[in-house]
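Shared between the two complexes below is subunit A, which pairs with subunit B and subunit C, respectively.
After this line comes the complex of A and B, so read on.
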């Protein structure tokens, strides 16, 4: 396609991307460098149905003057990025000096909100992504080998987890693992511990969310793999059968190399999706045991009565950086292949 | 026949005209939490909307919507029904207007005690009071020879006895859901221990002390007597537990009693459910509970005509004797003419015992938020009480610095 027509084809999409993705990211970046103005408090008499007392409120006149002069707030540089609720540079170096062993140091750092969320996010990513790839591939292979007559309904059944709204899917599982739900109650009997609770145990909550993640994301991998499997040429497969290759050998040496670009694609998308894990935490009410980076942003924006724009912006920017770092190896590899192919 | 019809029509229109406050223009749009008393109030306000536009949004997510919606100019809502805690972010950001003039002009039926004044400016008009207090199952207590508990120490002893008797596995319940609910339980218990959240005259936190540790230990003892899933249980969830007959003693909002004691569900449990005073703790004499009011505020970024129409409709409801007579068991109304019934016991006892109102301080929301996430690990047994309190203070200080309070 000539560059000119490519440009005009791409233009509407590009414009929308700049307007709705590019500009907000820039705005978020700018906001992350600002904090609120110093609050000017004054003492006043407050009365309510339960009596009067002297207490403080924000002085609106003085504050509005400050706000008019500098509507963005107080310039804070990287202050928000390195405070305790984010990278916590001071705390980390303090822990390093205090701690007697590496284990103690890691324990203390893991107690800081940002690192706590990072550990969960990475654990989720690292476990769910390969499982999704593997499970999706196995399902695609098996369905591809099944008689065409029952394939349709089976495919529909398989992609059901993707059709179900994430929140609904997690709520269903949430009720099943309740201390009185089918899974929760049976676990109690199985383990012979009437006080066992999946929801209050940190590790069990993590396992639940990870299982849910695999369940929810596998159909996507399956659909893409299944489509790719339809393009695998039959001749080399037949030739290999004549040569006496086992099923495993055929998959390893013919099918996999053929659909390799698709695997990269699915891996990329899954990694990105999983790094932004959020809905299951809300669905499972798991805020107590599992927090992800996306959840931190949500928490800063809506869970407090005071909205922390600076904090949320800083976490958002760090999430974007995190996703870029995770994707770099895959992207580099794709780029290299692209170059050698040309 | 025709005559009868005409007369009937007159009667009908006559009643409508009676309730009409003669509002000629403006538009009224209300944002409110979602529980029965508030629905009644808004319905009453609607009676007198006259020819004004009338819209209402009842949402449990009202806190998340309020600030952004009122920041817009013109604001999405003209009225925000708020409480002690949720009025603070609105005042911090200067989003609500004083209504002294309107009170003078149209607020005839409103009592002086209903006005929330800040430095003489009327910022809200309260119409109901709320608190968290104990609910007990009299049948279970009697069966085990236990008196109605007055302190949380007695609650623990009673719950342990009920559990030991093999009657119930998890005899106690309270809304311990990580986040806002759990923090609210801490606030109650800490105030019950006589604690202060901030150092005198400033925004420096002051919870990492013996009272804070005692508070956490009491919360843990109660949590151990609750359903093991307590960290995911909000007010609605524990209400369900209660109605299923799994719980004998519970700490719950007074405003939730209406649906708890309705005709739905097991009549035996409903009959044995008794509302009693909030408990004290640690030998203190004030209850481990906070007093709350619910009231209406007017958005600043809205035309004066809308504010006037909204005030007149809301003032009609907030001074309606018919409403408080009709809905006497839905809430503890602060409106003139309210006769307290058995469901008001909790709030009235709390006031008698000298319960403190929830602290209406500009930085309290940040403290509440820090508590909700940082004390979870202590309850899970992964952290000492001192460490948890240290974490709360550190998280609070970081947020307070970003918000300019420190």
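After this line comes the complex of A and C, so read on.
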């Protein structure tokens, strides 16, 4: 296709992407270097019959005027990145000097908001992704052995958790595991502890969100693996049966190598999806014990007093850096493929 | 062909059936349970005394005189103005799907027919854009949108959702157009058609299977979106998903939690019906990128 026609065909889609994905990323980058204005304080002298007092009050007029003139806030450089709510460089070095053991140091650092969120996000990714792959693969294998006639409805039932939005999915589960819900109440009876509540314990909350993640993402892995299983060649399988290979050996030596490229694809996609986990935290009302990077951004943006644009932007940029690290292998693979296809 | 199983092995077959059954129970029961519970009063579905009340409808019977009640639905839809939210969702979804398919088909067709290097780089950039968490983009939107005073209204959200959706639509339709033989439109070009005419008369009649799949995914994205709609729309213009969240925030009110339950059911039902009818397309879309790559 000549460049000219290409341009006109692609122009609308390209413009939309540049304006609403490209520019916002740049805008986030700029915002991350600014912080809210400090309030302008003035000294007011107040005199009454008993004498004069000076007190410091906020100059509302000047503050709002400054906000109007420079809505972006004051330039802060990398200040936001290293403050207590983000990388907290001062606190970290202080902890390093104070702490007697590495364990103590890690414990202290893990209580800083950004690191806390990072630890949760990474834990979630590292546990959920392999579980999703494994469960999805087992479901695909086992559904593949069921009679073809009833597979349609079974597949429909299997993909339900995936098609609802995470907020709704987590709410539906939350209402069941709530102390007043069916699973929560039965757990109390089972554990013989009338005060048992998933909400109140940090580790139970983490486990719940992780189980939710596996429940929500496994259908995607299942669908892709199931489709890949349909393309496995028959001859080697038949040959291996004649040679006396066991079921496990067949799966390991013939099926798995065949669908291996698909496995890496699913792994990377779900790793990327898991990295942005945040809706389940709202659905499970788990803000107290589990925070993710995306949740930190959301929290800054819905702040009631003043929206913390700078703080949200700094976290966003660091999240984008994290995503890029995960994305690199995908890009390298696509590039290699493109090279070989030419 | 059975990969893991022989026809003879009965014990394994039974085990397999049980496993599938358990998984389906895990996958579907929460929805069935919520659907069932949405016709009860709060004291039954969230029972402090005994969870069995949710099944026997003990309090529902006392409060309303029947085993099932539509109270939660009428509360949410009228008092809670869920009708407004669902109207907004319909507007947003239809606009997003039509606009993003229009942009996406043109763009993806061009990408699939171009042999230049830049087409590849555009696809790579689209891949990077697709990986961006939506919340990071929203943190970029809010400030400029406040300044331009276009925050809170539906058109802004529609355009944003279209843009966010573009990378995925482009990739999906790109891999679809790659399967449409080049000779088809090349012969039209030789006969003197312009590229646009070739697209209009040759490609458009054969592109519908791919477009339906891409449309379904745009629809699910627009319909299910929480991040963008919750932060870019004001209270008045909220779509269904942020509306559900707003019912949760006001827990003091007795009825509100049940509003959320009935709203969840109302929002999920159309989606399930849709997927039931278009299951084949949904699955082909999910696997499009994977099998070839």
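Throughout what follows, the second predicted complex is superposed on the first by the 272 of 342 C-alpha atoms of A that agree within 3 Å, B and C clash if a C-alpha of one lies under 4 Å from a C-alpha of the other, contacts with A are read in each partner's own complex, and residues count from 1 in each chain.
The working rule: contacts are C-beta pairs under 8 Å (C-beta built on N, C-alpha and C of every residue); 3 or more make two chains touch, one makes a residue touch a chain.
Just so you know, these numbers come straight off a predicted model, no measurement behind them.
K.L.:
First (subunit B), second (subunit C), both or neither: which does A:328 touch?
P.N.:
After superposition on chain A, A:328 lies in contact with neither partner.
K.L.:
On the A-aligned overlay, A:195 touches which partner chain: subunit B = first, subunit C = second, or both, or neither?
P.N.:
First partner only, subunit B.
K.L.:
Looking at A:58 after the superposition, I want to know if it touches subunit B, subunit C, both of them or none. Which is it: first, second, both, neither?
P.N.:
first
K.L.:
Give one of first, second, both or neither to describe whether A:287 is in contact with subunit B, with subunit C, with both, or with none.
P.N.:
first
K.L.:
Touch test for A:49: subunit B only (first), subunit C only (second), both, or neither?
P.N.:
first
K.L.:
Which partner does A:21 contact after superposing on A: first (subunit B), second (subunit C), both, neither?
P.N.:
Once the two structures are laid over each other on A, A:21 reaches subunit C alone.
K.L.:
Once chain A of both complexes is superposed, is A:89 in touch with subunit B (first), subunit C (second), both, or neither?
P.N.:
neither
K.L.:
Which chain, subunit B or subunit C, ends up touching more residues of subunit A in the combined arrangement?
P.N.:
Tallying touched residues of subunit A, the top partner is C.
K.L.:
Is A:307 in contact with subunit B, with subunit C, with both, or with neither (first, second, both, neither)?
P.N.:
both
K.L.:
Is A:178 touching anything from subunit B or subunit C once the two structures are fitted on A? First, second, both or neither.
P.N.:
both
K.L.:
Which positions of subunit A sit in both the subunit B and the subunit C interface?
P.N.:
178, 285, 302, 307
K.L.:
Using the touch definition up top, name the residues of subunit B that touch subunit A in the complex.
P.N.:
Against subunit A, the touching part of subunit B is residues 63-64, 67, 84-86, 88-89, 91-92, 94, 113-120, 126, 129, 169, 177-180, 203, 227-232, 291, 293, 334, 351, 357, 360-363, 365-366, 368-369, 372-373, 376-377, 380, 382-383, 387, 391, 394-395, 397-399, 401-405.
K.L.:
Considering only the defined contacts, which subunit C positions touch subunit A in the complex?
P.N.:
Counting only subunit C, the residues touching subunit A are 1-6, 12-13, 16-17, 19-20, 23-24, 26-28, 30-31, 33-34, 37, 45-48, 50-51, 54, 102-104, 106-111, 113-116, 119-120, 122-129, 131-144, 146-147, 159-160, 162-164, 166-167, 170, 194-196, 199, 220, 223-227, 231, 241, 244-245, 248, 260-261, 264, 267-268, 271-272, 275-276, 279, 282-283, 286-287, 289-291, 293.
K.L.:
Can you list the residues on subunit A that touch subunit C in the complex?
P.N.:
Residues in contact with subunit C: 1, 3, 5-6, 8-10, 12-14, 16-17, 19-28, 31, 71-72, 138-139, 141-146, 152, 154-161, 163-168, 171-173, 175-176, 178, 180-182, 185-186, 215, 219-220, 223-224, 227-229, 231-232, 234, 237, 247, 250-251, 255, 261-262, 265-266, 272, 275-276, 278-279, 282, 285, 294, 297-298, 300-302, 307, 309, 312-313, 316-317, 319-320, 323-324, 326-327, 330-331, 334-335, 337-338.
K.L.:
With touch defined as at the start, can you tell me which subunit A residues reach subunit B in the complex?
P.N.:
Those in contact with subunit B are residues 35-39, 41, 44-51, 55-58, 60, 63-64, 74, 76, 80, 83-85, 91, 111, 113, 174, 178-179, 184, 194-197, 199-202, 284-289, 291, 299, 302-308, 310-311.
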